[in-house]
Amino acid sequence: MKLNILILISLLLLLTGPAAQASSEIETLIDMLHQNGTISDAQYARLQAELGERKVKNNQQVVSLNKQGVQAKKSSDVEVSVKGAVSVKTPDGAFTTKIGARVMADAAAYKNDNNTMGDGTKIRRARMSLQGKMYHDWAYKFEYDFATGEIKGIADAFVEYQGLDAMSVRVGNMKDPFSLQFQMNANYNLFMERSLTNGLNTGRHIGAMVFTNRKNWTASAGLFGEAVQTVGKEKDEGWGLGSRVTYAPINSKGSLLHLAVSANYRDAGEVAILRFKQQPESNVSGINIVDTGNIAKVDFHSKYGLEVAMVSGPLSVQSEYVTASVSRYSAPSLAFNSWYIQTGYLLTGESRQYRQGKFGKITPNFSVGNGGVGAWELGLRYSTINLNDQNIMGGEAKSLTLGVNWFATSTIRFSANYINVLQVNGGPLESVHPDIIQLRSQWAF
Amino acid sequence: MKLNILILISLLLLLTGPAAQASSEIETLIDMLHQNGTISDAQYARLQAELGERKVKNNQQVVSLNKQGVQAKKSSDVEVSVKGAVSVKTPDGAFTTKIGARVMADAAAYKNDNNTMGDGTKIRRARMSLQGKMYHDWAYKFEYDFATGEIKGIADAFVEYQGLDAMSVRVGNMKDPFSLQFQMNANYNLFMERSLTNGLNTGRHIGAMVFTNRKNWTASAGLFGEAVQTVGKEKDEGWGLGSRVTYAPINSKGSLLHLAVSANYRDAGEVAILRFKQQPESNVSGINIVDTGNIAKVDFHSKYGLEVAMVSGPLSVQSEYVTASVSRYSAPSLAFNSWYIQTGYLLTGESRQYRQGKFGKITPNFSVGNGGVGAWELGLRYSTINLNDQNIMGGEAKSLTLGVNWFATSTIRFSANYINVLQVNGGPLESVHPDIIQLRSQWAF
Amino acid sequence: MKLNILILISLLLLLTGPAAQASSEIETLIDMLHQNGTISDAQYARLQAELGERKVKNNQQVVSLNKQGVQAKKSSDVEVSVKGAVSVKTPDGAFTTKIGARVMADAAAYKNDNNTMGDGTKIRRARMSLQGKMYHDWAYKFEYDFATGEIKGIADAFVEYQGLDAMSVRVGNMKDPFSLQFQMNANYNLFMERSLTNGLNTGRHIGAMVFTNRKNWTASAGLFGEAVQTVGKEKDEGWGLGSRVTYAPINSKGSLLHLAVSANYRDAGEVAILRFKQQPESNVSGINIVDTGNIAKVDFHSKYGLEVAMVSGPLSVQSEYVTASVSRYSAPSLAFNSWYIQTGYLLTGESRQYRQGKFGKITPNFSVGNGGVGAWELGLRYSTINLNDQNIMGGEAKSLTLGVNWFATSTIRFSANYINVLQVNGGPLESVHPDIIQLRSQWAF
């Protein structure tokens, strides 16, 4: 905006230039007439005086305009935009701030034996965020979840130094570098909930991470303390190390092959307790389909993950395998594992976007409200998790999920999922295999 | 802003037009002098050359200005305004976002037998909100209450489709369509607290609602699940249906007759518990003056409401009657009811505004800070609620309230209320009839 | 921005003025030539007509420009800036809104006997704020802390009338006027935590305060109710009176002598309970090093504070003494006290700024990201608190703290503190004297 004004002022100065010279042909004419004797010396003198007066006046205006231009330049103008989110940016890009938010409202109906899960509604996520850049090289983010969900409260809360070529450094509360479905923004996951494999996920911790995002590969490694909610009191909190490396040998618009490995080590601290649990790809009832309960006397545990994903035009396929081993004091080690495979198809021809080692935003080709029908996507998933080992019977579950997504605009999504829990062996819900239908309305920016 | 710049540029182009032609009278003069033989052919040729040069220069400037105008048009400018709230809007109105907030700080003194309510202070509401429009047809709102009041946490959290002529569709967490005093923004209620009739109110639920707002009538109907805080676990949550229709046969500036009916049905779900309770039009001590406690084995309950309100210049009158009937498994049905009548008078001559079936914002004719005294309003209310029926003795209370409001500006309000609980029969506070004086400072936008 | 456009339009009007008169020398020339008989009457008439036409055209343009200027003035343009915080301001300054935030992420390691404090991490503060001015004379602020720290939840939440010359009036939730280290924004305290003297601090309460800030002195006095979290139910809440007066006989850039006294009286209400406790200048483990536990049957307590601080270039020194006396029903009075002295030195040559009776923001001379190294500061502190008196053995602690601060930019800070608890007599952690190392990353605006 400022720029526009500066341009205008410059143009005005250009214009006043010729204005000051506008009379050059008059001057010439006057000189000629004087030379030719058509006008007398006295007349000539009077005309010259008038010409001189006007030049002085014009010059004063130019000086005044110039001064105003400099003052305008000083005032700190910025670029503001709104697309739900409000974004503000200095012209040089050194400072940016984006105010964002999202709300997901769910309803679910459970058909199951013994009535173990109740129908209901839930605000799944309700977040506000503030993120941006300061002094060119520093990025920051704060996002808070107001919903009373599983990961309630502070989500991202970090500061990042981006002034190095080789890598960026992030400090604060953040996601551990682990698992494709976890790295992805939940707004754009193919289904309403992440797969059962999320039961072996790492979550967010307070710590420090270095990372690099290149066109075809990314790498991250971090040292982490505990989750935000943890207050250690007299006991040492747990801590961990995590790393993820992704490689995309094929990565062009509408065409992708993604491969990744991740590893995570976590010391249980003096609390020495660990628990794995997972809801049945539906979070409304609040009931876990598998749950180890508190595993006591844990020294540490490690997790390894493998990822493969591909995109070919409107088709996407994504699969992950995660294994966890738990080392206990005076008890044998435990091994759990989980995997899923899912595929999605965008009926309206869009492609899932890929950036920085994960899938990103879906933008419909034609939004509702701009005369379009939005983007429609179908999805199918099979996932399984096994939390049975040794004396720990957390349960083994297999699940099939069908989903349809309607991205009415880039900021508004409606989803319907049908989840069929095929089998549960062991654990708190042994032999319960509910059918679930759930709906979501979502706005996010 | 963008528009202004385009206007400026257009005007500049207009100006440069005549500038290019500015010399028309000089041209004419030169032609004449040449014709008259006053200047020679050589002199004439030289003058023509100078004239030609300047025309070319002027034309170049016009072309350059034109180009800059087109570039300015491309940049995505928006309109920003601030009046406490920050509002951002694209020039075509397709996207808007408003960041709002409000804080109400209360102090109350209770004079009562047996010292059943303690004097104190309270942040009654402390909210932030984000609302606006996306892609022309989609509206959204998220409002969160940070105060530790009764309805803490997520307030509105919905998305709305406004692209249909007949009606709008809203999905998420919202107020059930019931009761005038509940539909109104608490910022502009005549008294600091809603009347005792609020004890039979519906509250907010997660669901879907269709509604129409016309000049003289509105209609809303919705299907709702449970409140945000409810987590059903293994039990089915409750659900409900609600509808409200308003009609304003008189509705012009400063003159209103409002009539409305509303009905609400609510299934108690597998929890099967229901509770009605109400504070004595003062929420600082946190003590309920009537309270049924948990009513068990509830199947469903229905509520009906009647509303009448009028405005005649600075005078407003408002009255509601609500009845609730509770159907229980293996126990007789219960019937409760409540009504109030209140009248307000704006000493400074403003009128209560009416819009979309409810009263809206009060804007003083002359704000404090702009040399005015703000708007001053007096109010008087009588209200009663009866929660005694069958074996349930929730109590019957009658209350008289006197209030004075000072709307210093459209965003700042101070209120003082005197509440005299005339009578309490039955319930936890039988025969206690406190006198209450309470004060509030409020800013809201 | 609006101003700029108005300036432009004014200048355009100025320019079109001379444009309209631009032909004055032509007019003169034409008159002369007509007078001299060089051009005929017919020719003169034609030239006059052309001149007249152009004047009309120019005048029309001026009128049109004028109209556009008025329209532009009507549109509600504002100044927007971003420096992390987003600030919006009307051109006349009558309305301003600033959206701010801050996050502090800590890690701490405790070396102590008996393992009484556990190592860990913590989000110390995570706040968002909205503050500004409305209708010239009204200021407001709302700040919320999302961290699960000691003072979680609503921080500042008030409205202020600034339309009086003698003083301002503030109503809502705010800091009691007490203690320099408490009045200061935690973002800019010399150490990561306030000194042990914070154990005798007043905290924030809901109330009303009048205050004056002059160049060399400030005075504040307020009447307060209870803290936000307190819900009195049937018991009267506590209330208090507080006052602080500061005087700075020396107060120029880089040179300061600050003196202050404060007094605070607090009635314990019908709850009649009081508790003093303090963490060891480290808040990660959540363990108190001194703690009186609940003192029962308290009637009221008073606190007095003395402050002295000075700045000489990069050097700052600050010291406070606080004494508290507790009056109990049917038990002797109690007296506790605490003091600290701390000194800081800014290696990079900045000076601690002083404003409104407290130290303010640190802005590095050269920020990281603008080619600088930021501001580096060293600090040393000795502090002690004694909560032992009569039958109450809260403990007496002495502590030495070493700190280094790196203000990378005006919005980003990293700190490292080494705390050596020299001695603890009595209280829950008798004879425990931990060594603590703690780190913080902070962004704040």
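A, B and C are the chain letters, set down in written order, and residue numbers restart from 1 in every chain.
Here is the rule we go by: contacts are C-beta pairs under 8 Å (C-beta built on N, C-alpha and C of every residue); 3 or more make two chains touch, one makes a residue touch a chain.
Since this is a predicted model, take the numbers as computed values, not measurements.
Asker: Just how much do you need to spin chain A so its Cα atoms sit on those of chain C, in degrees to the nearest 5?
Answerer: 120
Asker: With over half of the numbers shared counting as same, classify the chain B/chain C interface as same or different.
Answerer: At the contact between chain B and chain C, which are copies of one sequence, the residues are largely different (under half shared).
Asker: Approximately how many whole Å separate the CA-defined centres of chain B and chain C?
Answerer: About 31 Å separates the centre of chain B from that of chain C.
Asker: What positions in chain B touch 2 or more of the other chains?
Answerer: Chain B, residues with two or more chain partners: 1, 5, 8, 12, 15, 19, 22, 26, 29, 33, 38, 80, 86, 99, 128.
Asker: Touching chain B in the complex: which residues of chain C?
Answerer: Residue positions touching the partner: 1, 5, 8-9, 12, 15-16, 19, 22-23, 26, 29-30, 33, 38-40, 43, 46-47, 50-51, 54, 57-58, 61, 64-65, 68, 72, 75-78, 80, 86, 88-90, 94-97, 99, 128, 130, 132, 134-138, 140, 142, 144, 153-154, 157-159, 163, 171-173, 205-207, 224-226, 228-237, 269-270.
Asker: Per the contact definition, I'd like the list of chain C residues that touch chain A in the complex.
Answerer: 1, 4-5, 7-8, 11-12, 14-15, 18-19, 21-22, 24-26, 28-29, 32-33, 36, 38, 79-86, 99, 101, 103, 105, 107, 115-123, 126, 128, 146-148, 284-287, 367-370, 408-409, 411-412, 441-443, 445
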